[in-house]
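Dropping the structures in below, format is structure tokens.
Shared chain: subunit A. Partners: subunit B in the first complex, subunit C in the second.
Entry: the complex of A and B
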């Protein structure tokens, strides 16, 4: 159970991007968050993944309020979220080969021994051939890189998946393939999903429940 | 896609500029290579004593026997210059490395920690910067017996400031990238993020700062020696040679000043030229920000 209660968040104290927003993602539930660009969807996704401290409001994980964000959050809490970002180019360390990119969370949490098995398993699940795994991010396409980023998000078997415009940069077939991978992962593990996007058709088809931001989105007035 | 577009633009925006740059780089490479070879090979291969005094041949103008002339006790200046360059280069490289290591460590710490630690460190850097660094360097050398290492320490301890600033700015801009978020979400500690993701990304900038620092450190060594505070005067460094030549210059003998001066200026210009080309390669957009 992931609950966001009256979250206000942003990058400047006086001009929060997200104002007083509440959302609940139940166990195993798929929630779509739909809204126009620039209204704070990504910020909200970052708050939910413990990557951005909100100015006010509460985030509850299984009823427990979260007190710490980013590196101060307990590692077990942070790794319970698998996050896929919109732009794979920015979300991948340009110096790491794809195999290392996928395995990075395993190295970071001291589970080195699982690396070969998990990388092989996930690479075939997301559709990356072994020769791609030896390349660096600039040597693969956006779609291939996003596949690797999805594999990285799944490598620690998270309980919540947060996909921030995961398919926005991709062509239709790659997008569909990635959605299928997420669904396959969810059906075996029962993980919940918060999918953020602006593609109404995709989210309506993908998600059990879609929250429309328009109603709660305030357009800042020109000052 | 964007990368390709920029590449094409560079190529089409004028072959003339490009060739001028190529010539500059080629000249710089030649000079730097010649300097390094001379400094490494001449002292062991040429079995001539650079300290050999020949009072009968003192203050001779350049000739075939002594291409750079002789100094006031008849020592061959060409040989002295090469030996001096060797000492100056050693001091310059060591001091530049020391300064870069300190600067990178401090800058990365400030940038990675952020908050109060960052503000504290930056105020400290501002404080150090407000004192002219030659003065600070003199203060440091004055505490030790004259020698090579006090000069290295003095230059190293006063020149890490700009590197620290560059590295901190770079770390700050990297810290907000989504891939750092992704690493955090993957359970990485702050130390791991700093060592595995931030440091490798700033190393090219730090290495560039180190290369640019070498000529600067050589100039500082020369300045300290010229003031009589640097290396002991029997040791042929470029600064000492210029210092010794001061008296003869007033008497109309220009060669003991000119040649060590050229030995100082030409290789440093070559290093600066190389560093400039490298800078354009690794970071075409931020040329002005990296001026040291």
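Entry: the complex of A and C
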């Protein structure tokens, strides 16, 4: 259970971009957060993923309040999240080969021994060939790089996935393929998902419940 | 009246070690005044290279073949001086792919608009420039109270509108929009493409939209060209493509099936590397209709390049 309670967050002291926003993502639930450009939904996604400290409000993970953010957050809390951002070019270290990019969270948490198995397993799950794994980001397309970023988000087997406009840069087929990968992961692990986006059709198709930003009223949809 | 006529355009990149990357191969299409042609395809299929080729913005290791005529000028043969002084901004307006990278980061949107107005039109004088820039901003629905901001202070949607405003300043007869709607929300996408459509309808411009957003293409386009692995594999009317009888190339059908309001299933596999294309049909490895004939390259017929395209009779199956 991921609970955001009365979150106010922003980048300037007196001009928060998110005001008093509450949202609950139940265990195994898929929640879509739908809003127009620049409304603050990405900021909220960053708060939910422990990547941005809110000005006020509480974030509860399974009832446990979060006290620290970013690198100061407890490792058990940090690694419970997998995040996929909109722009793979900005989210990938240009110096790392894709295999290393996917394995980076394992190196960072001292689980080096799992690297070969997990990378092979995830590369085939997201559809990356062994040849692509040896390349650096500038040598692959946006779609291929986003596949690697999704594999990186899944490598620590997170309990919560946050997908911030994951498919906005991608063509229809690659987008559908990545959504299928996320759903396959969720069906085996029971992870919950917060999908942030502006594509109503996509979120209604993908998510059990879609929250509209403008009114914050919840619109139930069949998944 | 044809504004842009592309005949047999090919672009090759020479890579270190003698490798050649076939980014665009033998593209043929026209764009007429008052018409919008949408070029669709997945990322890395050569769409943006085609735009760069038309504007003479390819890197030094690129080789081009064929011709692209804009009126009586062959864009591929024109020298840099001609392109810089008479073509870019004046005869071709470019709406770029990533406005955040296209705008100058250290100057406000107002100052960039005023500079563009001064460079491309006859407007002179501080007050006149100021009001012309504000008018240009209004044409692209860029809010006036954001004019004094720098690009990093804008959301993706507003940055896109700023770039669109810059592209419209020169009143060019041909607009090239390279992924104009990436990162915008649905309402803004609709607004942006409607705005582009308006410039096509009222001013008689030709518009070439490069996009992977099929919903935006459906909304704006008169004709659709589908690109796969550097080749145009289908070129047809938008109504027939998105409605009945639907596209004829198996790849085009797969793209439409991947939409969330249709089957939402991906085409299996990934596109081939442009540096290592098969001899035959580049889509054969992912195609459920592939047969032995697909080992040879299918020629482009009237609308489609495929050995066994869907024919109107079986398209409702």
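Simple rule for what comes next: the second predicted complex is superposed on the first by the 215 of 223 C-alpha atoms of A that agree within 3 Å, B and C clash if a C-alpha of one lies under 4 Å from a C-alpha of the other, contacts with A are read in each partner's own complex, and residues count from 1 in each chain.
The rule is short, and it goes like this: contacts are C-beta pairs under 8 Å (C-beta built on N, C-alpha and C of every residue); 3 or more make two chains touch, one makes a residue touch a chain.
The shown structure was predicted, so the numbers you read here are calculated from the model rather than taken from an experiment.
K.L.:
Let me test your reading of the model: by the given contact rule, A:82 touches which partner, first (subunit B), second (subunit C), both or neither?
P.N.:
A:82 contacts subunit B only, not subunit C.
K.L.:
Considering only the touch criterion stated at the top, classify A:49 as touching first (subunit B), second (subunit C), both, or neither.
P.N.:
first
K.L.:
Could you say whether A:172 touches subunit B, subunit C, both of them, or neither, answering first, second, both or neither?
P.N.:
So A:172 only meets subunit C here.
K.L.:
Pick one for A:92: touches subunit B only (first), subunit C only (second), both, or neither.
P.N.:
Only subunit B is touched by A:92; subunit C is not.
K.L.:
With the two complexes superposed on chain A, say which partner A:71 touches: subunit B (first), subunit C (second), both, or neither.
P.N.:
Touch status of A:71: first partner only.
K.L.:
By the touch definition at the top of the document, which applies to A:199: first (subunit B), second (subunit C), both, or neither?
P.N.:
second
K.L.:
What does subunit B use to touch subunit A in their complex?
P.N.:
Interface residues on the subunit B side: 177-179, 181-190, 192-193, 197, 200-201.
K.L.:
Mind pulling up the subunit A residues that touch subunit C in the complex?
P.N.:
Of all residues in subunit A, those touching subunit C are 35-38, 86, 127, 129, 141-144, 165, 168-177, 179-180, 198-202, 204-206.
K.L.:
Contact residues on subunit A for subunit B in the complex?
P.N.:
For subunit A paired with subunit B, touching residues are 46, 49-51, 70-71, 75, 78-79, 81-83, 85, 87, 90-95, 104-105, 108-109, 149, 152-153, 155-156.
K.L.:
Looking at the complex, which residues from subunit C come into contact with subunit A?
P.N.:
Going through subunit C, the ones touching subunit A are 41-44, 155-158, 182-188, 212, 214-215, 254-256, 258-261, 264-267, 269-271.
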